[in-house]
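Next up is a structure, given as structure tokens.
A, B and C label the chains in the order they appear, each numbered from 1.
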Amino acid sequence: MAIELSLGDIAAHLGGELIGDANVRVNRIGPLEGATPSTISFLSHPKYQSQLAGSAAACVLVSPAMREAAAARGAAIVLDDPYLGFARLTQLWAQHLRPPATPGVHASAVIDPTASIGAGASIAAFAVVDAGAVVGEGAVIGPHCHIGANAAIGAKTRLASNVSVGFGCSIGQRGIIHGGVVIGADGFGFAPVGGRWEKIEQLGNVRIGDDVEIGANTCIDRGALADTVLEDGVKLDNLVQIGHNVRVGAHTAMAGCVGVAGSATIGAHCQIGGGAVVLGHLTLADRVIISAASVVMRSILKPGQYSGVFPIDDNAAWEKNAATLRQLHGLRERLRALEKKTP
Amino acid sequence: MAIELSLGDIAAHLGGELIGDANVRVNRIGPLEGATPSTISFLSHPKYQSQLAGSAAACVLVSPAMREAAAARGAAIVLDDPYLGFARLTQLWAQHLRPPATPGVHASAVIDPTASIGAGASIAAFAVVDAGAVVGEGAVIGPHCHIGANAAIGAKTRLASNVSVGFGCSIGQRGIIHGGVVIGADGFGFAPVGGRWEKIEQLGNVRIGDDVEIGANTCIDRGALADTVLEDGVKLDNLVQIGHNVRVGAHTAMAGCVGVAGSATIGAHCQIGGGAVVLGHLTLADRVIISAASVVMRSILKPGQYSGVFPIDDNAAWEKNAATLRQLHGLRERLRALEKKTP
Amino acid sequence: MAIELSLGDIAAHLGGELIGDANVRVNRIGPLEGATPSTISFLSHPKYQSQLAGSAAACVLVSPAMREAAAARGAAIVLDDPYLGFARLTQLWAQHLRPPATPGVHASAVIDPTASIGAGASIAAFAVVDAGAVVGEGAVIGPHCHIGANAAIGAKTRLASNVSVGFGCSIGQRGIIHGGVVIGADGFGFAPVGGRWEKIEQLGNVRIGDDVEIGANTCIDRGALADTVLEDGVKLDNLVQIGHNVRVGAHTAMAGCVGVAGSATIGAHCQIGGGAVVLGHLTLADRVIISAASVVMRSILKPGQYSGVFPIDDNAAWEKNAATLRQLHGLRERLRALEKKTP
């Protein structure tokens, strides 16, 4: 698994100016601190500048503003956006590191004769592709995946192991769907009838745009009547729950364990912190940032950052404050009464 | 996938009085607002009554009280409970929409010779059914499911893909188990021994009643000594965690991401909002409603709605209030002191 | 499934002193209360002592301090740590109760010729083991598991159904990995570039120590550059999320639905309650206890118990207090003003 690349090849791939010997080879990407002479590193934020001079890294990705400081130290690749450069460098690395999928259909896979498998697609062992489903060119379907009837997987989209995509659901191009994801289970809908629940069958689908990444064991329910929609560029972390009829705007990111209840509409370019909950039927504007573990109980129509978390404390202090909190409204009334008495 | 049904057939199925032409055909279910001339709609709540007259829907499901108003507009089906009628209409739709399971055992499935497969059951590709397991009549076992030894799946119960049911666990009739559900993993039990954890093997099973629906990737642990029990009609959404020895009463519903810790006893007809947490060994009475994201830290013995969530605010306001909250008990003491001083 | 063991065999297995007839047989483990004459029970905490005399149990595990009280009642096994004895008794029971794995590779499994399968290992139906992977001696790989390229599963480690272990990841010896666990999905890393997210490929692995148990549908992401690490003896419950580059110290336990964000470092012997969230890049010292559903927003460098949960209340009371909470900082200012006015 040893990967070794020359600075020349890296600079060419990233499209930056190389200062230093193009033949020097690196075998590791790492932060400035702790870098070895075979590490390629990056300076993406001014706050790490103090670590530059003393770093043993073979080469550092830097911005034009850092060109001279970096050159004084040793080899460097100058890029307009070194953090983007770092991201692209990891992509170059991954091309060598990640085991490549084998194009073609594994002998054990069960493919309905009416399904369509695009050129260069890879269908792994024990995958099941149902009637009328379409797998795009160069797509990768991992072991034990289930693609339901008439579902569509876009070109170059990759599904890891044990992913299920329900009938009629679709994923765009270049998506990455991690292990155990369930797309298109029934939304949670019931009519109360004399103390029991009558099922409202979920007749919509899930439609997912291009360049969407979905973390492991995340669930995205099909819509009740219309569809559940993730627009282009959405990124969901692991164990996220997206209820029926939710719409998530383009390039919105949600960290792990977020729950979005049914029929919520979330704008584009939002960021939802880990463990946050968005209640049903709410609207979040574009560019809303929700802090981790906060609960959105009303629509938020203005961009900005919103929070709502009980501050953690040592247990004894928390117990006192939490007990008092249950009398808070009363305390306000008492304060008001005092204010009236005090001239 | 185009579904088209006549109003006559629909009225007959729902058992309501049809006002209008029985031969008119509809191809979509939808709300009054936005309905097209081929949409069948419903008026289930008086607050939407204002949308009735102007709706272009081909037909509207209404209650007897709305009979005349609906007839003045156009076709209608009159039902005692139009929302129940809507639910049954989605069920009729789903019969046409959902790809039917193929009865019989797929050639690739691995069925232990001592397992029993009921008449008309469907066992999909790559399913595994272990020794002594019983699959009821008309049950559907999806691809990549694993039914452990001596487990029992009731008649007409449907398991989607990648479901695992542990040895000795049982599910009643007409259940719906969505993708990735894990029933019967070990409960979380350890004895602390000199700084490490000694496993307490979990010897109970999971017993699930009739008409239970369980959402995608939800987990229900087996009991430690006795069983974990879900009674008839329980509905769990996605990514719910049910700890060992929990008992959930009949017709209780839990939304996504709820966690119920071990040995909690939850009554019948409860509703637990998304992301709520119920601590271990607590009791909830029948008909308790827990708001989303609330944490139940003590038993609740009276029906009613209970909440406990820090209100979300813009981040700057939250920071101020949260910081002050950590001094709340002290503020109360200061208020008391002031009260003593003020005549 | 009827298990029956003699008190003599049990005492020999547990290494304790038997008081009473070694030939008496028991078929059930249970608490003192409700014990039948064929139940073996235990007294692990003085608070249950009052139940001892009246219990109908065939035999009770007790500490030396309880020797006489127990002997006065009937049969007993005297052990230094009766709760550990109870744990070991469950293990003895499980040896008889749990269906044994069949050693050898199931005919349907797909094993790369370069993978290595240890002696006595069991590879179930439809398992997939990729190139260069190593499965240790006596390990158990359940149905529909996927072991990625060059991954390593330690000796005697057991994987239930539908587990996926990503390429290059490793699990130590005697581990228990429950159904649906995803080890080694990509960490959640993106560089923001002009309003969209550029993927930072995740180049690290997951390294898991010995004697680790991981609950159903839990996710452990691979590191970005370095590895994500779970040290020996860690116990994770179901639906836990461990972000990239997290390090969890030895013998730390996390209950269900915990989320740990990227690059957090959690000490040894910690206990994290169910539904708690630990934000990224934080440090928790050894022996820190986090109460259920609390949110850790700053590093905690001292052992102890920490909490932060809004107390639940009836909904009307909560609404009043929560509304007032949003004015809390202002209330403090008003209190200050009053204090200045009051002599």
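In this text, a residue touches a chain if its C-beta (ideal position, glycine included) is under 8 Å from a C-beta of that chain, and two chains touch if they have at least 3 such contacts.
Predicted model, so just to flag it, every value in this text is computed and none were measured.
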| item | value |
| --- | --- |
| Chains touching both chain B and chain C, listed by label | A |
| Same vs different contact residues, chain A with chain B, by half of numbers used | different |
| Centroid distance [mean C-alpha coordinates] between chain B and chain A, Å | 26 |
| Touching two or more other chains - residue numbers and ranges from chain C | 108, 126, 144, 162, 180, 217, 239, 257, 309-311, 313, 323, 325, 327-328, 331, 335, 338, 342 |
| Touch list for chain B against partner chain A, complex | 1, 29-31, 81, 83-84, 86-88, 90-91, 93-94, 97-99, 106, 108, 124-126, 142-144, 160-162, 176, 178-180, 211, 213, 215-217, 233, 235, 237-239, 251, 253, 255-257, 269, 274-275, 292-293, 309-315, 318-319, 322-323, 325-329, 331-332, 335, 338-339, 342-343 |
| Residue numbers on chain A that touch chain B, as the complex places them | 108, 110, 126, 128, 130-131, 144, 146, 148-150, 162, 164, 166-168, 180, 182, 185-186, 188, 190-191, 193, 195-203, 217, 219, 221, 224-226, 239, 241, 243, 257, 259, 261, 277, 279, 290-291, 294-298, 304-311, 313, 317, 320-321, 323-325, 327-328, 331, 334-335, 338, 341-342 |
